[in-house]
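Next come the structures, one after another.
Below are two complexes that have chain A in common, paired first with chain B and then with chain C.
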Partner chain A sequence: MNTFANDLYLLVAAFGLALPVSYAGLPVLGQGAFVAVGAFGTLMLAVHGVPLLVAVLCASAMAAIAGYVLGFATTRLAGASLALGTWGVAWLAYVVLVQFPSVSGGSQGRTHTTPARLVSPSLGVVVTLHAWVHVLAAAVICAALAFVLWRGGRGPWGLDWAALRTGPVLADSLGVPVQRRRRALLAASAALGAVGGAGTALLAGVAAPADYSPLLSLQLFVAVLIGGTATWWGPAIGVGLLAAVPSAADGLANAFSIDPLRARGVLTAVLLVAALAAREPVTRLLQRVVASLPGHSFRVGGPLLPDQGVAGAYRSARGEQRGPTDANEGGVLLALTGVAVRYAGVQALAGVDIDLRAGEVHALVGPNGSGKSTVLRVASGVLTPAAGRVSINDRPVPAPGAAARRVVAGVARTLQRTALLGTLPTATQCAIGARAQDREPFLGVRHLVATPVARDAQRRRDAITAGALELTGLTGESDLAADRLDSASQRLLQIARAVATGAPAVLLDEPAAGMSAGQRRRLVGTLRSLTDSGRGVLLVEHDMSLIGQVADRVTVLDAGRVIASGTYAEIQRDPAVRRAYLGEVLDADAQEPAHS
Partner chain B sequence: MTGGIFLQAVISGLSVGAVYGLVGLGFTLVWSLTRVLALAHGDVVVASVLMGVLVVIGRTPVASSPGVGHSVLLVVLTLAAGVVLAVLSYAVAVRPFLDRSRRSNDVLGWVAGTVTAGLVIRTALALALPAAAYAVPDALHLDQLTTSGVVDLPGGATVTVRSFAVFGVAVVVALATDWFIRASRAGRGMRAIAEDVDAATMCGVNVERLVIAAFALAGLLAAIAALLDAPAHSVAVDSGALLGLTGAAAALLGRLGSPRGAVVGGLALGVAQQLIATSSHLGAAWASAFPLAVLVTVVAVRPGGLRSGRQVVVE
Partner chain C sequence: MSQLLRMPRIPATAALTLSLAATGLVACSSTPRGDDVTFVVSAPVSTSPWIAEFERNGAELAAAQLNAAGGVTFGGHAHHVRIDVRDNGGSPQQVVADARAAVSEHAAALIIDGVGAKAVADVTDPAHLPVFVVFDGGASFIDAKERPTLFRLAPADQPMTLRLADYLAAQHPKIGLITDDTGFGTDGAASLRPAFARDKIAVVSQSTVPASAADVSTQVLAARRAGATTLLVWAGAPIVAAVIQAARSTGWNVPVWAGPSGEDPLVRQRLATHVNWFDNVGFVSFRITAEVGPKPFAAYRKAYEQKYGADKIGVKQGGKDVVQPPDWSMFSYDTVKLVAAALAKAGDVGAPLLSTLEGKVVITGANGDERGYLASTREGVSPDDMYFARFHGFTFAPATDDLLSQNLPAVPQTE
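The block that comes next holds the complex of A and B.
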């Protein structure tokens, strides 16, 4: 009974760790430290007469704050620094416990009477925490967490987590507040680790430093890895395997007469190796098994439009959609005024004025290095200009920051290179973009209990997704993994995602790159429908015939300055443009007759 | 703290710090070529010298002063073990998780791979060497530079003559490594990969071979660090992980990717740690937690290392 309760408490910590590791793809190696904070924190507070439940909550809050602070700066560098930081924390916690008896109570650890009692004088209730009460409590917490992972993984949270996992930079450009989500996940994970730790300490009535060595962090990491990516049952399988380690280790230790602790290390190492080797194949196998069960779908965000035709849903949802329909026809969606940017010694932009109106395609052309992509970077908030002003919908943009806030403000952008959110299905990638249109607070929590608001939001996302796919002609490929689309469809998917964010100003960086003539015609159709829906498109493109077909206005940049602006025909006749493109020599020749 | 004690702490700190610097140098070298943090590096350090001990002396922990033959054997075996372990850990735990341009691709993969490699090395070593800790003989005989083995400092304190020798040897090795990276053909190739792996490939740099060479060099430095450091105290089988993290802290202090920075960072870390250890207010417990606290703080404040500028968001 005691062992089972202990394993269930470890499962609580593992479920917590699954959030950053298996759902958000972050390498967290320090869960053992947070378990220790929960265990020692609870017992220390209890010694000073703090009621047990309050002590557990305080210890968890302490761990959550630590997790949040740790997440503050360590979630960059593609996660590498997070691995190093959390591994450092795991060892730091252990060294502190071993070296500072004032904290840990020495090698014997801190103790508490068992079974512990929950006493509430005001209610006149005394609960004695027998082993079966622990089992019950831990099982309830585990069931609740499994439900949160299962249900949450299919709602708005699941979409955000999938975006974090598959493409953090891209997620940012689609309006997902990446750093905030990561910090929240790390804090939640740490708090759950502490709850698990408090449980194990109260159950055993003792917390000794040796039980919270970095090996525990590794074991929990393994437990989460074994189950594969984003599966609610993964941690349960992992902890189940880990639970078998101590008894198996004792057997091994007896058979080969080695230290039992060493034997645990051996088995953990074997499990780690096995988990690594089997990570991909086992996940695929298990997912296939679970998927073959009736009533299961593995698509993140749930089934798309269960009972409506795609086009019908789009039509019915058009009225509800915000964004482009709000913008007044011909109004200025985006304006850059006097923007200047310097890259290490190079003046990339020198006082550029550019605006984008609703319902137009505004093409930005110029030789390589003239500053076209820099304009898009400034407009989308990736780059802070040295001087000048950016305003969206006639409102000045506050402090420049993450691109995510720009998306909500009304500017979405595609990248010059093809960037996909891993192998997520086409529709899911659009649904992640559609998340930017969710304005209701606590949608993730509301989704857990399927409130009407959450259901409406889900329907709206499905409709937006269907609309974006229809607009880009990808409806037939909505269930395909994005890496199996052809390159032109992948380019169109980027536009579909940006459209799904609902931002009225859409910035496209060379969307036609790598497209054949037929695919370019399809792109022209997509751009026309974009402007028809009231959006404005700022288009960076090299293909002049494409620009001739779609652009309402063309601005020519050269060496970071606007040298001409007007219709396509006006631009073609402009001598300054001809000079920039064809060079001085030809220009001199052309002017010869005028002098003679 | 009297002047003599202070001097003693600084000198022994420089000696310990030079070893941290060598460990950090390997760590930073691997990072700059592959963007992988070698989390098993510390275990390679400890395993290299203990494998030498296992072959030359055996499984029973005995303190002995080996003859010339055994000393040479111990040095050669340790160096070989360091190189082999580092290259093996690359082949098994890192390579499968890199993309075509040998850059970190699957972060969860290599993190799990390298901590597993460390755990496997530690456990295998513990099975082969059952005692908790081993005394390692001074194969380089650095303690016999003076007859007493100690040097008197002004103010009444003494410091072992090894401290000077360890510092000297480590700095010479670090300078040689720096020269190798800056001046040799292979070193230029490594710097090219660190700058831009695609451009390096197009210029005909054999990326795979040089990445293996970098891991081998890191292993060699690890083995040298172990030979210098181990005789100063008994070596516990699983002390490697902590040493590796201390090396990582040194590398971070001097900016990740900078070989000279790693050595300077190691020296600073060693001196500060010794000063804390000899301080009457703080003492040994604080000294042992200090490098880890530095590591966690630097990672949290400046993920790229202390001397790096603000992180630029890369598209």
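The block that comes next holds the complex of A and C.
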């Protein structure tokens, strides 16, 4: 019973770790540190007379703060750097515990009477924490966490987590506040780790540095890893396997007449490697089992849209769909005034003035290196200009540094390269964009209990998603994994995601790259639909024939300066443009010499 | 191609399934038989294998001898003695888990190295399960009133440090004290300070180093600059070796004294190429042989080495292998024998056994010393049983300038 309770508390910590690791794709190796904060924090507070429940809550809050601070320091790192950074925290916590016996109690540890008792003098209630009480408490917490992961993974949180996991840079460009979400997940993970740590310490009546060595962090990480990606049941499978492996190793040792104490370490390692190798087939098998349960459906790669499907949702909720926010017909959606940017001594932009109005396609052309993409980066907020001003709907823009805030303010951008959110279905990728239109606070929490507000928000997201897919001609491919779309559809999906954010100003970076003539015609139709719906499109494109078909205005950049602006016909006649850029094109189109 | 890539996972999955099935086998095999009397040994197998080995070997040797003689008779019939060894990995929480397992197995006693001693009492006191510490000498956890089920059958730090202070006082040394950050080190430092104060011995420098430190040159140099004339190191074996190395490699032939870890084979293994560095190195520990002479220990040693072989430590002296005498294993050996004797008298495990251990049973231990407890004490090794040993090359012998040590015979350490 005690062992089971201990394993359940470790499962609580593993559920917490699953948030950043399994759901957000962050290789966090420092969970043991937060488990230690919970264990020692609770026991230290209890020694000073703090009631146990309050002590556990305080220790969890301390861990959450530590996790959030760790997020500031590490979440901009990626891959191995992040893993090593968080692993360092696990070591740091261990070394501090070893070096300060006054905190940790030294090798004998910090002790507490066991079984512990919860006392409420005001209510006259005393609860003795026998092993079965621990089992019950830990099981309830685990069940609650499993529910949160299951239900939360199918709502707004699930969309954000999927975006963080599959493409953080892209998620940022779709309005997902990546760093804030990561910090929040680390804080939640740390708090849950602390709850698990407090539980193990109260159960055993002791916490010592040796119990919270960096090995614990590694074990929890492996448990989550075994459990698979974004599966609510994964941590349970992982912790269960880890709990069974030492006994299994002993069994193997006995079967082969080897001294179990000598062989356990080696056999445990071997079985662990086997478990990791068997992870994928086992996960697939379990996914099928879970999917076969009544009331469940499983879609590889991420959260689900509602059962009624995209088209149905669109039809039923079309009336609720919000158009481009604040889009005044012909009004200025985006304006860059006197913007200057320097890259390592190179003047990328020098006093550029560009605006984008509602209902127009404003094309930005110029030779390679003229500053077109830099304009998009400044406008979308990922680049801070050295001088000049950016305004959206005549209002000051959020501080640069991340695109997410600009998306909410009204500017969305596609990337030059084809960027997908992993293998998430097409509709799900658009739904992630539609998250930028959610304005209701605590929508993730509300979704857990299916409040009317949460249901309305979901219907709205579904409608927006359906609208974006219809606008880009991808309705028929809404359930298809994005990596199975053809290249043109993938480029259109980028537009659909940006459209779904609801931003009235859409910045497209070479959307026609790699498209055939037929596919370009489809793109032209999409761009027309965008402007018809009141959006403004700032289009960076090299295909002058496409620009000729869709652009209402064209601005020509050369060496970071605007050298011409006007209609397509006007810039065609501009001598400076002809010299700088269009000569050869005009030569082909008008059968005139490029340089006369 | 994809089929080929999937192939390795099939054996992996099979191995996993097999291992999980084996879990059930273990569960079955670890269930005690009804007429067994179980001793649970919670040892740091994966973290301190030397300690774990003597803890385990001593207990298993005693069990083998008892079983060969028909087991332990109590409650009207003979019981087979079973030793259940568990790896605590140096974790107090695991020791508590082992204690719970011992309670659920209705074990006769729990044998631990000392880690987790403070924490197990909440589990063992209500169950009247006696717990024996067979290595750690710290003063902080043995308390007959607070933890009535916790006994120690190992030398306690306090009498050792008092004896050492008395011994060193005659030379009027200036002590450079180096301890490590383990419980062993901090408990030792806590006992040494009042002992030196009582004998008015000057401690001119004092430092605590991490147990994992590879180099303690800074601390040794600080002691030298402070004018230390004797180095005293109370720490794990790696730190003892590091202190000797740091002093001798700079040509400082200062006397170096260590706690019981000085005889740990690891010290000699680490300094295997510098036998001369052991000149002027000694340690305080419990005496291996008793007043009755070396015969009892020799008999014990013979039985031990017949079962486990001689413990060759990997260095040679005079062309012969140096072996470690199985001294520390005597404590777990004596524990099993003492509890078996108490069981025969008490008639049952639990409260009757605990009551009998409190002053109603005394045995002759492996080295001829008497082992037993008074009702009010929980220390099983007499303060008079401490001695000082000095190294002569890679072997050690009782010091000849101490009244209690000089009459003890040297134990053979080569073969």
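FYI, the second predicted complex is superposed on the first by the 511 of 596 C-alpha atoms of A that agree within 3 Å, B and C clash if a C-alpha of one lies under 4 Å from a C-alpha of the other, contacts with A are read in each partner's own complex, and residues count from 1 in each chain.
We adopt the following convention: a residue touches a chain if its C-beta (ideal position, glycine included) is under 8 Å from a C-beta of that chain, and two chains touch if they have at least 3 such contacts.
Predicted model only: the values in this text are computed from it and were never measured.
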Report task. Go through the superposed model and pick first if A:225 touches only chain B, second if only chain C, both, or neither. Result -> first
Query raised in the report: When the two structures are overlaid on chain A, which partner does A:474 contact: first (chain B), second (chain C), both, or neither?
Result: neither
**Report entry** First, second, both or neither for A:99, with chain B first and chain C second
**Finding:** both
Report task. Considering only the touch criterion stated at the top, classify A:265 as touching first (chain B), second (chain C), both, or neither. Result -> both
Query raised in the report: Which partner does A:208 contact after superposing on A: first (chain B), second (chain C), both, neither?
Result: second
Report task. Could you look at A:275 and tell me whether it touches chain B, chain C, both or neither (first, second, both, neither)? Result -> both
Report task. Could you look at A:84 and tell me whether it touches chain B, chain C, both or neither (first, second, both, neither)? Result -> first
Query raised in the report: What is the shared patch of chain A, the residues that chain B and chain C both contact?
Result: 99, 262, 265, 273, 275
Query raised in the report: Any idea which chain C residues touch chain A in the complex?
Result: 6, 8-9, 12-13, 15-16, 18-27, 29, 45-47, 52, 56, 85, 87, 89-94, 96-97, 100, 115-119, 122-123, 138, 140-141, 181-184, 186, 210-211
Report summary line: Counting only contacts in the complex, chain A reaches chain B at residues 21, 25, 27, 29, 69-70, 72-74, 76-81, 83-85, 87-89, 91-92, 95-96, 99-100, 169, 214, 218, 221-222, 225, 258-259, 262, 265-266, 268-269, 272-273, 275-276, 279, 382, 415
**Report entry** chain C contact footprint on chain A (complex, rising order)
**Finding:** 2-3, 6, 98-99, 101, 105-109, 111, 113-115, 200-201, 204-208, 210-211, 241, 244-245, 247-252, 254-255, 261-262, 264-265, 270-271, 273-275, 277-278, 280-282
Query raised in the report: For chain B, which residues count as touching chain A in their complex?
Result: 35-37, 39, 104, 107-109, 111-113, 115-116, 119-120, 122-123, 126-127, 130, 241-242, 245, 248-249, 252, 284-286, 288-289, 292-293, 295-296, 299-304, 311, 313-315
